[in-house]
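Chain IDs A, B, C and D follow the sequence of writing; residue 1 opens each chain.
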Amino acid sequence: MSSSTQAVHEARQQVIAAGRFAAARGWVPATSGNFSARVDAHHAVVTLSGRDKGQLTEADLALVALAEPLPAGLSAEAPLHIARYRADPAIGAIFHVHAVNAAVISRRHEQQGEIKVAGWELLKAFAGIHTHTQSVRVPVFANSQDIPTLAGQVEQRLQDFPADALAPGYLLAGHGLYAWGRNGAEAQRHLEAFDALLQLQLEWERITA
Amino acid sequence: MSSSTQAVHEARQQVIAAGRFAAARGWVPATSGNFSARVDAHHAVVTLSGRDKGQLTEADLALVALAEPLPAGLSAEAPLHIARYRADPAIGAIFHVHAVNAAVISRRHEQQGEIKVAGWELLKAFAGIHTHTQSVRVPVFANSQDIPTLAGQVEQRLQDFPADALAPGYLLAGHGLYAWGRNGAEAQRHLEAFDALLQLQLEWERITA
Amino acid sequence: MSSSTQAVHEARQQVIAAGRFAAARGWVPATSGNFSARVDAHHAVVTLSGRDKGQLTEADLALVALAEPLPAGLSAEAPLHIARYRADPAIGAIFHVHAVNAAVISRRHEQQGEIKVAGWELLKAFAGIHTHTQSVRVPVFANSQDIPTLAGQVEQRLQDFPADALAPGYLLAGHGLYAWGRNGAEAQRHLEAFDALLQLQLEWERITA
Amino acid sequence: MSSSTQAVHEARQQVIAAGRFAAARGWVPATSGNFSARVDAHHAVVTLSGRDKGQLTEADLALVALAEPLPAGLSAEAPLHIARYRADPAIGAIFHVHAVNAAVISRRHEQQGEIKVAGWELLKAFAGIHTHTQSVRVPVFANSQDIPTLAGQVEQRLQDFPADALAPGYLLAGHGLYAWGRNGAEAQRHLEAFDALLQLQLEWERITA
């Protein structure tokens, strides 16, 4: 099954724009992070390993078939992206960053396995949230280098979360944030909202500790 | 009652400039915030819902009549702007941001219902304040999604504040800051002064807690 | 006594450059701060009141004679600048900023009347300091709106400081930092060194408190 | 033994690029820091003393022979660079910065003589680290103005570290960070990774203190 040249190009452009956005905010230091966007029901583009996310070109992104074995050279965490696209056809883009707030707060909440984010107006920046009184649960997973196994654990657990309380993303402890959206613009907005909310939450925990 | 094309254009330009200014400082993440400017005694321009405040164009702003029902598509918080313009004819611009300092400190002081800001030279950046020995009271309101009711509560309470101790703005708890001025330049200066003063106050509370 | 057109122009250009530098770092929010540079033994240029320090032009600076009454329209704190130029002929430029670190730490040390900064390699950025083992004393004065009286107190006390332990600047509590140097480049370097050193000192006090 | 004009030019360009990168992040305030790159087995280029690292030109860099006495005008810390190039022929570039995180945390751990950095995915940004479970030891040395003696102490102690646990850099207490890599790009990536990791570590120590 092939995918149109135009759709591949547009997916790559979404990733390139999001990479620049994240790099300008210091969220992908030292070539960290990995970014992807869906092309169609069966394909996505994913960043190759080790590229500077603030200076991506189309050559830094590989087209992959979601149902087939992954080609060599992809970001090692590509299976976490692929598993999400396969599990939820509404997801159009997934961006993973190593922002400081995400790395610190995820490690702090590793034992609980989740962070409950509540009481902030900015929660409304998440698709489907219409009031600050609705709290959101952000799953936190132990970090791992066995990415295929981790991807299975993530998808299993995300299924168990009540859909209306699940944030559009999750954390890997001491590692970073995965956020998604229906398209690149929404995933980028979610990334920005997560970073601000995790900072608010971290400041609030400092005050109320 | 019509308003001149030139006055509408100038009001829109004030808002566009203030939006860029706020976005560059990270105060309006994930399309949050809403901005307005008065056109004349009976009209104002207000941002439409969901627009990126750092990239506003004139098409992202609607002209509204202050005494008439609001058109569709405005920022949900537009009634908070309209109520202020109706209550105080000297107000020429109102800018609302989701800065981290404002969201955190407002939530901390929600129970007291206000923050007393005192002892900082920067207080003199507020119009009418000529010495650092004059303290300022910043009202804090519980956040709400019922904006028309909230607007009524805000205006009622602002009337009760002694005019010479009232800051040119107020906070919504866990949400953000509303600041105003006689024109776009003054409202923007007040926004900048509020952000620095709330950061100073937050640091000071950390030290003296 | 006249001063050469060229020297006045160069002094203004030093101030304009330092203003842009400080504004880019957020040290002069809401038109705060005031900047000056010496033209010759008897003259200096000083910023006019209320100007945006990040967007100064030559028209925002007045030429003043150090021995004569000050013209109208200057920054209210101009006498603090003039008193320094009169007391120390080696001073070529004076820059005053409202950086957050300076405002917070100055208020914390207001009772002691000074901050001892010690143990940082960056102390060597101050002219005349050649080892990190030499500590520096930064005087802290209570803030005041009576600037001529304050200027007299400052100069009196600076005379009592041992010259080899005096930093090239002082703090006004809850207000900000005054820093000087033999010329605009050195005063700007001192400003940058002070801001980093005060941040280091503040972080260190947090850790060791 | 001479070195090719092209190799000298390329080494200088690596340093100029890294200087701009560091200055944009505030890591080299007040002309602090010093930067170098290897030209060949016997030569390197090193920054001259007192230059603004964000605005380096090729004229701000001197070509030095690693086995010969150093010329005048170099950064006072040049011997720390030269000693590293002589000890490890795989090192292609060395960048030294005065970042706040490095200065604060180094002073905090001066007595222990090292910082153990563990539990962060970003550790994988260091060459040779392939899992977050591998911890890294960052040596911390007391600051000194006797640079040749300090260089000897550094090299002696680095030899005693197990190679697989040694980070590509070390700290001078209250001073800053030295980081290296096989070439300018890797040294710059290591610099960026160190800064983020030291910030993470500092935040984590605050939480767990």
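Definition applied: contacts are C-beta pairs under 8 Å (C-beta built on N, C-alpha and C of every residue); 3 or more make two chains touch, one makes a residue touch a chain.
All figures in this text were calculated on a predicted structure; none of them were measured in a lab.
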In the contact graph of chains, the distance from chain A to chain C in steps is 2
Across the interface between the identical copies chain A and chain B, with over half of residue numbers shared counting as same and under half as different, the residues used are different
At the largest C-alpha centroid distance from chain C we find chain A
Chain A turns onto chain D (C-alpha superposition, degrees, nearest 5) by 90
Distance in whole angstrom between the CA centres of chain C and chain D is 33
Chain B residues touching 2+ other chains are none
Contact graph of the chains (line, ring, star, complete, other): ring
Chain pairs that touch, by label, are A-B, A-D, B-C, C-D
Contacts from chain D onto chain C in the complex sit at residues 29-32, 98, 100, 103-104, 107-108, 143, 145, 172, 174-176
In the complex, the residues of chain A that touch chain B are 119-122, 125, 130-133, 189-190, 192-193, 195-196, 199-200, 203-204, 207
